[in-house]
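As written, the chains take the letters A, B, C and D, and residue 1 is the first residue of each chain.
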Amino acid sequence: MKKSRLEAFSDGVIAIIITIMVLELKVPHGDDVHSLLPLLPEFVSYILSFVYVGIYWNNHHHMIYTVDSINGKVLWANLGLLFWLSLIPFVTAWMGENHFSRWPIMLYGFVLMMNSIAYIILARLLVLEAGPDSELAKAFGNDKKSKVSAAIYLSAMAISYFYPWVGFALYWVVALIWIIPDTRIEKHVPGKDCPPAE
Amino acid sequence: MKKSRLEAFSDGVIAIIITIMVLELKVPHGDDVHSLLPLLPEFVSYILSFVYVGIYWNNHHHMIYTVDSINGKVLWANLGLLFWLSLIPFVTAWMGENHFSRWPIMLYGFVLMMNSIAYIILARLLVLEAGPDSELAKAFGNDKKSKVSAAIYLSAMAISYFYPWVGFALYWVVALIWIIPDTRIEKHVPGKDCPPAE
Amino acid sequence: MKKSRLEAFSDGVIAIIITIMVLELKVPHGDDVHSLLPLLPEFVSYILSFVYVGIYWNNHHHMIYTVDSINGKVLWANLGLLFWLSLIPFVTAWMGENHFSRWPIMLYGFVLMMNSIAYIILARLLVLEAGPDSELAKAFGNDKKSKVSAAIYLSAMAISYFYPWVGFALYWVVALIWIIPDTRIEKHVPGKDCPPAE
Amino acid sequence: MKKSRLEAFSDGVIAIIITIMVLELKVPHGDDVHSLLPLLPEFVSYILSFVYVGIYWNNHHHMIYTVDSINGKVLWANLGLLFWLSLIPFVTAWMGENHFSRWPIMLYGFVLMMNSIAYIILARLLVLEAGPDSELAKAFGNDKKSKVSAAIYLSAMAISYFYPWVGFALYWVVALIWIIPDTRIEKHVPGKDCPPAE
């Protein structure tokens, strides 16, 4: 029961984040199909960010599902994750409006990396609370996937300074790593068809 | 219990989508009744979209109600539906601001059709999970209504190129098909007064 | 269980409506205390609308609490109420920006009246579903309060054409009628300290 | 069960408040890293307000968790708290856009103080309902922390007239007082790692 409000509040914040990004798609003044073209980079940014926020919601859902109780530190770690998620609409808009130039792509990667770190902190605190023999501890394992993601984000930020589009492509690579279920870890999670908890 | 967060998150996103559309009704500068007239097309667009999002929420509510468990693919199919729903405020505003000219009406129909397809995919995945003898499989049946809707959307898009208002009228026709309860299918759904699950 | 999603969705929509109104309080450009003065009419409008949306949420909460089951018509009647509630931010902004001139005050009253009618329709459908001996039917009674409110709204709209401020004052009178608990009806409602269900 | 909708509605409103503040971070026109610098004061304001809204959500969560039933007065006291919370995005934006000049900082402190008062009223009404021997009454105690906070807010507002930055620093001090758990009170609250209910 206790965790139900954490879930409800997180669902609310994530639902708002994923939806207000669409407000950045400013309605064009013209009424022909060509007037939509300048929106294309913003639309592509929107899709990527929608996918990322969706991944975080999915993983958050699975992770909180496996725990029984939460504590005060978890509440703040969760707020930390929500804080970094709340910056995604801002960097999405900056990246889309500037047609994927260098700095916006680097900042986008930085916010993704901070989200990743905030998520790891939240997961560690939940594992501490649940104990080393808990399902969550097993599912989280040695956390290879998160480490790989963080490494790719860092590389992508560096590469973006020289080849912004390569950095942007790498963000899609990480997204795909998370969408395609990791069957190896999946075994430890109750629901048999569930994506991994982390 | 598992599906409760899927419901909560979907409720949150749909609630935001249905509400932020009203932000497109920009407050007029004048203070007499005539200054409201230019808002009329946007208001009519708002009503249509409100009805459509309401239909999707109602059907989503009934469909998820009949299933016991969900899986990872369902989570993503649900996000796919929410993605296309999130584009409704954008096409509503474009259609309203351009007084129902050709391309905005065609794009509006395209987004409605994609929503319809996303909904069918979600329903199919839920039927797969629930099994062929489940209530949902019976209620979903051969899915005649969805097929008719998709056909009308496609026709409406083609007709809109020549007669935009006819296309716009056809979107209302589909909306009415869904609001007026389909008593034949209704039998399979638990609540006796409920609109059909699909 | 069935009504839980109706509650969740309504809570979401009403929460958004009550919160986005504050976005109409545009941040002033100056940084001294005098630059806040032009916002005063918008702030007063905001308070009134916040109170009204709060009243509707409170009453909705009590009304749905007393019923056991809902049907398809109730879902649509509820969407009807949410539709009219969603127009409150628009009329609030129009009234505030035009410093309470004639037409904005009349339109504000019209939207309040339509909300009142939408609420009565929802209540009647719930009473039909719950039966004439239900708690709700007794609490709703002969619905004197709603009739008085509707009469005051109509009078206020007419008076506003000549004396806008009198109309505005009458909207506050109706709000106070609903905030101050009606002890006579209260007896029929389970929670002893609750405001009346209707 | 009764309190579940109070929680759901409050979660919704607080989730929206904490998220719409990020909309005030207007996307810069330039695409280099320097174009982000002018946003720094707004970003710092955003962080402080995010922390404050987070504190209120945390405390609200704990406080409502300990009570069994609510009444009509509690519903209105809760709306009062939500009203003052809803003004935080406005004062945050005014403070950030004016680079922490005198009046915006004073108004920010005023809204914090009113939030504090609204919270105390809500807590008192809940204690009245729960009775003097309830857990909540013990946890709330003589309410030293709230009194200290209110005193600091008042001092900060006065000091801000002469040294705005000192006032701003004091708001951070109060935030830290609430984040760092008060172990003495904590004993009375069920969850052993929870921050205090008040």
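Assume a residue touches a chain if its C-beta (ideal position, glycine included) is under 8 Å from a C-beta of that chain, and two chains touch if they have at least 3 such contacts.
The UniProt protein names, listed by chain, are A, B, C, D = Putative membrane protein.
Just so we're clear, the structure is a prediction, and the values are computed from it rather than from any experiment.
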item: Fitting chain A to chain B on CA atoms, where both chains share a sequence, rotation angle to nearest 5 degrees; value: 90
item: Same vs different contact residues, chain C with chain D, by half of numbers used; value: different
item: Length of the line joining the C-alpha centres of chain B and chain C, rounded to whole Å; value: 27
item: Residues within chain B bordering two or more other chains; value: 8, 12, 15-16, 20, 23
item: Contact footprint of chain C on chain B as seen in their complex; value: 7-8, 11-12, 14-16, 18-20, 22-23, 25, 27-28, 31-33, 36, 47, 50, 54, 57-58, 61, 65, 179, 181, 191-195
item: In the complex with chain D, residue positions of chain A that touch it; value: 2, 5-6, 8-9, 12-13, 15-17, 20, 23-24, 69, 71-73, 75-76, 79, 82-83, 86-87, 89-90, 93-94, 97-98, 101-104, 107, 129
